[in-house]
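Listed below are the structures to be examined.
Next, two complexes with subunit A in common: one pairs it with subunit B, the other with subunit C.
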Partner chain A sequence: MAAYVIRRLLWLPVTLLIVTFLTFTIARFGPGDPVSIAAGQFRDPEVLAQVRAERGLDGTLVEQYVRWLGGAVRGDFGDSFLQQGFTVNELIFPKMLVSAQLGFMALVAVFSLGIPLGLIAARLNGTWIDPFIISILLFLQAIPVLVVIPPILWLFALQFDLLPVGGWGGLVDIWWIGGVIAIPIPDPHLYIPLFSMSLGGFAGVARLVRITALEVQSEDYIRTARAKGLPESTVQLRHVLPNSLLPVVTVVGFALVGILEGAFFTETLLGIPGIGRFTFEAVVSRDYDVIMAITSILAAVFVLMNLAVELTYGWIDPRIRLGEARS
Partner chain B sequence: MGGQNRVLAILLGVLAVLVLAVGGLSAVLLASGSGGDDNGSSGGGVTTGGGSSAGVDTSPASGRLRLASGDPITLDPHIAGDALSAEYIVEIFSGLMTIDPDLNIVPDLAASFEVSDDGTQYTFVLRDDAFFHTGRRVTAEDVKYSIERASSREVASPVALAYLGDIVGVRDHFFGLADDVPGVEVIDERTVRFSLDAPKPYFLAKMTYPTSFVVDQQQIEANPRNWTRKPNGTGPYELQEWRLGERIVLRANERYYGGVPKVAEVLYELAGGSALTRFENDELDVAPITVNDIERARDPSSDLAPLYTVSPQFTISYIAFNTNVPPFDDVDVRKAFGLAIDRAKVAEVTFNNMLLPATGILPPALPGFTPKDKTYGFDPDAARAALAASKYGSAADLPPVVITEVGGGAEGRIDTQAFLEQWREVLGVNVEIRQTDFATFLADQDAGRLQMFNAGWIMDYPDPEDILDLKFHSESALNDVSYSNPQVDQLLDQARVDRDPEARIQQYQQAEKLIVEDAAWLPLYFSQSHVVVNPAVHGWFEPPMVIPRLRFVEVVR
Partner chain C sequence: MTTEAVEVARPGAIGSPSSPSRELWLRVRRKRLAMISLVVIAAIYGGGLFASVVAPYSYTEQNLDRGLEGPSADHWLGTDRLGRDMFSRILYSSRTNLVVTTAVLISGSLVLGNGLGLLSGYRGGAIDGAIMRVGDVFASLPGLPMLILINATFAPRVVEFVRWVEDHTFISGLVSSGAASYLTVFAALSLFSWVGTARIIRAQVLQLRERDFVMAAQATGASPFRIMWRHLLPNVSNLVILQVSGTMGAIAGSEIFLSWFGVGVQPPAASFGQMLFEGSGARTFQANPHLLLVPAFFVTALMFAFNLFGDAFNDAVRGR
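Right after this comes the complex of A and B.
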């Protein structure tokens, strides 16, 4: 097992090298460059050539890449062009933290709602409730985030004045009672983005769990458990649920990577300083160093998460042994 | 079914788990989270964290002005080339000259100045009450340092040559051929002399732009990477706080030589969202009016109407023809395209009259502007005649015509689509729209690859040279239509060094007339600024270009 893990980890630097070099090349060869955008209206070619030279945008592709790599391996991802005077690290890590916080909360909501709902639908297969739930889930999954947010905003923020129109306030807010007792409550800025992000997600998880649970329910050991007189709740929670989780683990793994990508529409519409919106802005204004940093981080996390998911399989399902020959 | 109770139990259990999870997670992260109030007024400086805006005090208060804006690209006056950054920079920093609310070019850090007889030497005497925010007096050495830093090779400012290039030695310094700028001389502690390469009368206008603003040498040398986070400027306001993507807070400079500004604190909300909604919620004091709300703003019975103002801007949008590329190498074809479209109608219908149809190249309120319409008006018969008179003769013989604009590719700009219809109807030409993203557009434009395109120009200082010379002189690097007219060149060369202001204006007006006739540009519209202003704010104005204005405002609640 250990050998397996080490073998997989050795591939990580190779993968990263390939991904970053490809991204670097594509970005540089594509039309446009950050200096032209920063120059505004005064784009004198002679001046721009000089500026590019001073800012390290000259030299062959390989030279520039090696320069970048030298900094990247030390954790120095360079300086942002779009936001002058700030290093890339200073800009992306706080934003990733915000996106991660929001994304993590969304994941919690999605799985807390989706898994039980899927189990219930599977259990009630054969009654009218099952297709009813499925229809609702399909409906919810089909609504794009872009469409969900404006009516929710209008209703709760403008009409009822219950929630803020946008912005970010961290995860926790304090609710003072009588100026003396402090109760931590979820920050009101969370509710609308959480709602819009979870809507499609939990529908998808629920359907996935339902399908798997349906299969599991027809297994022999479930029949045995019931025949032995176990209460239904025990059958569901101790036998059906764990065996339905395998595909969910995969989904969780990649969803966790996804939260580091941020949610572009949600962040833009609600003014949340996350990484999704920032990535888009960086691409549009050709902020090369930001693009490279985000790509590298996401690639590394993706590879590691892949490995973690596989290891989790082995842990959850004793029938799966990694790295060993099948018997 | 007995299992239905189980179902309910499971559901309730899930709900409980959810509540606990959220609450528990919140509690756990309370220790490390970023919640809580940080409406601090201590120290200042910039934070990049996604911190809490829950504690921001946006309540209306006397002496506080609340605006909506965006993050500046930079607060370094020597690098800034965009209007958004300039908006903050002109309040935090200042230079030898500035533009007052009536658009006069007046001394700022300079108490007085003298121009030599031949017009190439400007000698400025600094005010004796000009201080940096930290209290250090501004000296001529600071001015020399600032000019040299702005034009230095290391700083590599994309705009340095544009605004300082007339000063002797700046070019060499920028390209690393010289260590200093001999054209800036320190005469004594408060006197500094500039030498220009020719008697250019627009030099003072260029000096109002941030590139020549004074910066603190000690601060920059002590902290070259991060000094802009708490810049020590000379302007009417100090940067108190900058939370990236959230807000900027400016505090009045108590030592300001022009008098302490009446508005003690200016809060800029950067997060985005509907400004008008927040204005109506009394969270903002000034909000822009977009085409969606213009009807409400103009309706005399609405509550927005008395708060609404319109102001001209030094911005022109136009369609450009690359005079090197067929069929636009023929002036008659360009004329035909210009005569075939009805800009006034389009401005009325698609933009609800929020933009003014352009009457020439020079925008309103600029010296030299004349309201007389010099452009080709809507005349379908004349358009067809012009096309017939061209070397192509008819629409069928024209090569494919493609207009390029910046966009997302979903659909063309609404007015462009209207023009397309008119070109098809009147001339029988099928123009294709091509949209690219902004960076690609710039690359294509600079490489001269665009046959016909949609663009705009924002004036940076109130002098016709800033648009006519820069965009239409055959030798100008910024001439992106390959326009070349020796008569126009001659007029522009003359006006560049003519010290008689009236003669200059006339030369520029003649040049403008020729340029419009040659139709390398189809001037489309002049922009206007539409805003609503809280009645508690006195003295608010929307200048046609970025100039310092916060210190002329007062808030009385």
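Right after this comes the complex of A and C.
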């Protein structure tokens, strides 16, 4: 087990190196020359060369990559091409914060609503309610995020004028009663993005929990628990619930990926200043250093998350011995 | 990496009256939900396949006098901003989706995933290590941003290249039809879709290669290629079908997402993603709801059918 963890941790930097080098090469491969854009009206070869050197775009691809890597390991991702005078860090971290807050809340929503619903559906297996819930969940999972948002926006923002059309206002809003009493409420900008981002994941988690709970229900140890006279509530809470949660842990990573990808559409459609919208802008306008910073940070997060999920898997269910499944 | 061995109902013994694939088909036939979804998929993709025959208008035919009309006898599903017939656009979008999905499934899942999985599992050693490490790298790349990046940077190059081909050969009309953009979308998606299949196939082959029939084949002097092709592949075919039925929806969805972002299939070629994008926006929806609702209906129906079919098929293969 320890050897397995160490081996995986040793692979981590190698994977990251390959990933960043690939991204670096692909990003440099596109059409157009950012140097001539940065140089503006000056077409002097000397000026171009100077800008190239300033931007770290001189030398071979490998030299450029090594230079970039040197900065990146120290947390310096260079300057933005597009937004002159800003470093990449100044640009992406506030946006990452917004996306992280939104993503975290969506993740909480997905699991805190999906798990109970899945257990309820499994309990009601055999009645008409179970297939009813399942078909609704399958339907919710099938609707792409980008289809859900416009109708909701129209209904709540334009028709009933209850929620803002888009934008971002932080997490907490203060609701004043009579100008005296302040009650903190979730910011109204949050509802639509949270709803649309958690819809698919919520349905997926609920279906997964239902399937596992059904399998666990028919296990021998559940029959034993019932046979020794435990009350049904104890059987459900102590035996069914913990054993149904194992596969749920493994999908935390997938759920987060789904939420992140959903964020691209949600943020674009709702004008939320997050990393999703910004990535797209950076790719289209070929803002090299921004692209590189975002991809490498995301890749690092993905790799670490996968590792964490795998390790928790073995920790929750001791029957699984990591590293021994390989031959 | 824990490779979960998927338990698959064993194919029947050789010489049994009904072949395993026939048995599987009979089991799928019994699932009503699977058959309904199959009909929905066939209807939408069939419309796409025969788009040039079925569609009442061309997907580029504009009529600016009759833009943004609701459904009528002339235009069954209304017209878009440029007065193009929505029904015809839907049919051609479905053709786009069908072409990209099929091509990616064949190249990504069937050829790359299958081939590398078999090779990795059967040869083992350094080849196995190399293939699986490359797979790990692809699995750890953030998918959507990478797809956007690849399509945004490579697509113009590919178009340039195709234009060069057009200039130097007798082929023409490739760029103007938007066919060049299919190529990048297809290549980028294939690059990301083989890892799952390869891992599953490898895990199964690791068990199979210890079996007697493989040893017997080795003893008769069969080449590794022959063993993989004639002996191992038929034994993992159920897994391959399972994987394909499970990932079809995701691949079809990726094409729609990329086109929505404007880095997928390029206009004038029709795509569900573009149509959805044109109908998005709360004010647009308020004024012309059919711009969003029409493509949304077909996309949701297609995704719903893919999910249901994948689930039901999974149950059938596992003998449930």
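Throughout what follows, the second predicted complex is superposed on the first by the 282 of 327 C-alpha atoms of A that agree within 3 Å, B and C clash if a C-alpha of one lies under 4 Å from a C-alpha of the other, contacts with A are read in each partner's own complex, and residues count from 1 in each chain.
Everything below uses one rule, namely that a contact is a pair of C-beta atoms (placed from the backbone, for glycine too) under 8 Å apart; a residue touches a chain by one contact, two chains touch by 3 or more.
Small disclaimer: the values here were computed from a predicted structure and weren't measured.
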Subunit B versus subunit C as contact partner of A:V251, first or second or both or neither: neither
Which superposed partner A:A293 touches (first subunit B, second subunit C, both, neither): neither
Dominant contact partner of subunit A by residue count, subunit C or subunit B: B
First, second, both or neither for A:F139, with subunit B first and subunit C second: second
Touching partner for A:V165 - first (subunit B), second (subunit C), both, neither: both
First (subunit B), second (subunit C), both or neither touched by A:V284: both
Touched partner set for A:A206, first subunit B, second subunit C, both or neither: neither
Which of subunit B and subunit C A:V19 touches, first, second, both or neither: second
Where subunit A meets both subunit C and subunit B, residue numbers: 30-31, 158, 165, 284, 286
Contact footprint of subunit A on subunit C as seen in their complex: 1-3, 133, 136-137, 139-146, 148-150, 152-154, 156-157, 160, 206, 253, 256-257, 260-263, 276-277, 279-286, 292, 296, 299-300, 303-304, 306-308, 311
Contact set on subunit B toward subunit A in their complex: 1-3, 6-7, 9-11, 13-14, 17-18, 21-23, 25-27, 29-30, 33-36, 48-54, 71, 73-76, 79, 81-82, 153-154, 156-162, 174-175, 225-226, 228-229, 244-246, 271-274, 277-278, 436-440, 442-444, 446, 457-458, 460, 477-478
Complex contact set, residues of subunit A against subunit B: 30-33, 35-48, 50-51, 53-55, 82-86, 90-91, 94-95, 97-98, 101, 105, 108-109, 112-113, 116, 119-120, 123-124, 127, 158, 165-174, 184-189, 232-233, 236, 268, 270-271, 273-274, 284-286
Residue numbers on subunit A that touch subunit C, as the complex places them: 11, 15, 18-19, 22-23, 26-27, 29-31, 138-139, 141-144, 146-147, 149-151, 153-154, 157-158, 165, 257, 260-261, 264-265, 269, 279-280, 283-284, 286, 291, 294-295, 298-299, 302-303, 306, 310, 313, 320, 322, 325-327
